[in-house]
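We call the chains A, B and C, going by the order they appear; numbering starts again at 1 in every chain.
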Amino acid sequence: MLNRTNRLQILGLLMPGLTVFLMFTVYPIVRLFWMSLCDMSFSSMLSQPFAGLMNYREVFADRTFWTVFVNSIVYTLVTVPGQMVLGLFVAVLLNGIRHFSVTFRVINYLPVITSWVIASLVFRYIFNTEGLLNYFLWKVLHVTGGNIRWLDTRWSGLAVAMILGIWKGIGWNMVIFLAALQQVPQDLYEAADIDGCGSFGKFLHVTLPGIRGTILFALIELTIGGFNVFTSIKMITGGKPAHHTDTLLTWMYYKAFSTGRFGYAAALSFVMALTLGFMAVGQFRMMRLRDS
Amino acid sequence: MSRIWKRFALILALVLVLTAGAGLAEPVTINFWHHYSAQSAENETLMNVLIPAFEAENPDIRINAVSHEWAELHDKILVSANSGALPDVARCDIAWLPEFQKMGILVALDETMPDFEEVSERLLPSAMSTSRIGGHVYALALNTNSKIVFYNTAMLEAAGVSVPATLEEWAETVRRLSGENANGQQIWGWNEPALAGWNICPFIWSFGGTLLSDDQTKATGYLNSPETVKAVETFAKLVKDGCITGFNSGDIPMTDGFGTGRYAMMLEGPWKSAELAGAYPDVAYGTALMPAGTGGSISVLGGEDIAMFHTANQAAAWKFMQFMTGEFAETEMARCGQIPVNRAALESDVVKDADYAPFIAAIETAKARPTVAAWSEMDNGLQNAMTAIVSGEISAQSALDELASQWDELLK
Amino acid sequence: MKNRNMSAVRNFIRYMLLAFGTIVFTLPMIYMISTSLRPNGALYEYPPRFFPRIEALTLENYDYILSQSKFYLNFLNSAAVSVITIVLAAAIGSAMAFVLGRFKSGASSLLFGFIIITMIIPGTTMIVPQFELATKLNLVNKLFGLIPFYVSWVIPFSTFMIKGFMENIPNEIMEASWIDGADVLTVYARIALPLASPAIASVSIFNFLTAWEEYPWANTVINDNSRRTLPIAIAGFFGQHQFTQWGYVFAMSVLTLIPVVLIFVFCQKFFVEGLAAGGVKG
């Protein structure tokens, strides 16, 4: 079956993909690592002296790095469970109804397909100090005693980005969890009925174990997404005040393209990729441990 | 499925045809980067009056004008210097030139252009001095400006205060103007849209403070001098008391806030008149000089130069630069609030009618921001320090002490 | 009897919760549309209004955006880049998926594992070396310079999704063709591609979204107004110093969203199936 022609054809089919992959993904990763070891800046773009771990030392000694690192971690720790829990909740509700299921699904999915730039601008507009939300909270609901300066402080600025992240992510979680729920064998529920499980018991003992694979998938995908947050921060607070609301990527971008510290930016990127790698492996392990 | 594929193919073909059509290249194209706002009168004039006129005069040259936001233009030029995608010509803030010159991306015009003397003589010498670095001239002056006080006449009347002439009066007036309006909305006596050198320097200088030693080599002893600290403390106190705002992400933008009576006063440049006339024609306002302190009434000198990069098509770029600094272009731009530096344009009726008098008075005493290569980085440090000070995280003295030693490093 | 009542109550609660959630969900979008329909002067009116006053409703923002030739250019740029990206990604990804899914060997699973591992690194992380690469390849400030990078970003995910489909093609169908003496290319084009077309369609919709809304990379490498894609054009509107015309921003946003929403509503089935397949399998 696999004669010379066929082998060549297989190679031919692989070639375009491999070329793109090696050139635009693998090479940049390798190059990123090498750049992180060089003293690269605007003025030394042509000569790139090897600098050992200088960039890494600088990253770890930088107060702003730790601020943005904590910001990214907090963003991920809040938005990932937030999206998953709400997404799963909506999925469970949808799974239990017969009418309008598609309508609800389509509407709840709209935020996912709204581009980050647009969604961020809408949220910036809603949360601006003189905006509609503050008016509503203060003058209509009387729950606040004045305008909250959402966009102007570290945690409230991040909170807006996080609310946006969750709002935009629920639809995606809803769809994949809905599909997973429909795959849980019906007889397991019937067995649980016979054992006298309540609906919450069934959810805990039948549903959750049944969709474990999907939970892991979502967990890893969303964690990557959490670290990838960029556009919303750039549009909503721009890192203000004084980089307090920057995240790893917006700070990396600033260092690279506004100050020309490419070496620093590369080291930062690499630290981030390693952190994510460890987290992914950790999440995998945790789920596996539960299995046994 | 095949329907979808067919449609894809159709769209693809359409796209290819369109791009092929766009790709039929002909005359020399000059890429011109600037930071006239995309919706501004300046940009309209540039796109609809100046460029068509230039292209009619020079049919072999096409101008591709690209608008960037101010800060982004600076970053884009730095990045493009390394990616070989520099424009031919750019309108640069006068504060950027030392940095670009140090990177070696600018063309020394006095060396390369035989008719340089003749061209530069048409422009004001004081404005041309902004482009002279280390014995050579790297740009042509394009426009000059400074900032003066804009005040909302009705708001000052309602509060029963007069226009502040001294810094003490200013602080008092700003305080009196702040409070609430009839709707219970907060109003602020003063708007400051950012905390960079462009915004803070007038206060530092007018309070008698300085940023650097006269030879621009040292910050310690100047940036953290008692006068500078006092200026910053006074400003920070007013921010803390809810009398100054504008630099936060959630604030009402300056023009909107002034136009809707939420900000009573601001320090702004000549372009603001055109902007207000366009967006808020009903608001009545007056202008005054920067309030004087022990240092005098010192505003910040602004302005732009037009510079050529070393990758440019020099002959065509030079023609365009001459055109932009020529009488016709400068007069047209004067209509949108750009103060010309071309002697002939300054004599024109447009300029005489525009009443730039208050700005010209401000320019006479205004100071330029430090003309050092590291200014952008220093300016960023200043913004961060100011942010920490006004939020009460750190005292003005210790923040400026720390910043001064950072600046000393950058100046080495 | 009691049970039936219980379940009726439960159903009612479900619908109520869903309806409430849906309203909260759509508020930001409705507010965006409502803002795009009012004149700029009404933006700071007091008290602020969720819906504009009927008599103040205006299409002037849309008029303005649609009267700008720039808008059509930006639109066309986004469309061209997105369409070419999805066509290339579909061709390249399905070929890879076919080989990796049908010709299993140590080498092919190693390669697949490697591709999957790179998916852990968020795209924007590599923006610095990729920018350097774009510089070397002279792709900076070229509209079509965006495409190779977009393709490289979506290929791992596309391959991953299509591979699952390729693996599920019944062996008998394949065997029959081999016996008929067909070569690899024929089997790929005549059998694998048509059978995997639902997966390819669903992946293509995702890829379209990715390319259509991509912001950081395009913003970094594109300079000229005439080469800007829609997200940069919108962000550019917003970035103007101290003077944001929200009406224009949101009118342009609405116009940008229309094609995406149309595609989504009409291809909803593929969309959801594709996502579900990925999530359940993974």
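The working rule: contacts are C-beta pairs under 8 Å (C-beta built on N, C-alpha and C of every residue); 3 or more make two chains touch, one makes a residue touch a chain.
These numbers were taken from a predicted model, which means no experiment stands behind them.
S.K.: Quick check: more C-beta contact pairs at A-C or at A-B?
M.R.: Of A-C and A-B, more C-beta pairs in contact link A-C.
S.K.: Which chain has its C-alpha centroid farthest away from the centroid of subunit A?
M.R.: B
S.K.: Measure off the straight-line distance from the CA centroid of subunit A to the CA centroid of subunit B, and report it in whole Å.
M.R.: 37
S.K.: So, what's the distance in Å between the C-alpha centres of subunit C and subunit A?
M.R.: Roughly 16 Å, centre to centre.
S.K.: Residues of subunit A touching 2+ other chains?
M.R.: 130-131, 257
S.K.: Where in subunit C do residues touch two or more of the other chains?
M.R.: Touching at least two other chains: 44, 47, 131, 220.
S.K.: Can you list the subunit B residues in contact with two or more other chains?
M.R.: Counting only residues that touch two or more other chains, subunit B contributes 79, 82, 185, 252, 262.
S.K.: Spell out the residues on subunit A that touch subunit B in their complex, using ranges where they run on.
M.R.: 42-43, 45, 124, 127-131, 147, 149-152, 157, 236-238, 240-243, 257-260
S.K.: Spell out the residues on subunit B that touch subunit A in their complex, using ranges where they run on.
M.R.: Contact set of subunit B toward subunit A: 75, 78-79, 81-82, 103, 185-186, 248-252, 262, 377, 380, 383-384, 387-388, 391.
S.K.: Could you pull out which subunit C residues touch subunit B in their complex?
M.R.: 40, 43-44, 46-47, 76, 79-80, 83-84, 86-87, 131, 134-135, 138, 140-141, 143-144, 194, 197-198, 201, 220, 223-226, 236-237, 239-245, 248
S.K.: Which of the residues in subunit B end up touching subunit C in this complex?
M.R.: Residue positions touching the partner: 1, 4, 8, 11-12, 15, 18-19, 31, 33, 37-40, 64-70, 72, 76, 79-80, 82-85, 87, 183, 185, 193, 252-256, 260, 262, 275, 279.
S.K.: Considering the complex alone, what residue numbers of subunit C touch subunit A?
M.R.: 10-11, 14-15, 17-18, 21-22, 25-26, 28-29, 31-32, 35, 44, 47-48, 50, 91-93, 95-96, 98-99, 103, 115, 118-133, 148-149, 151-152, 155-156, 159, 178, 183-185, 188, 209, 212-213, 215-216, 220, 231, 234-235, 238, 246, 249-250, 253, 256-257, 260-261, 264-265, 268, 271-272, 275-282
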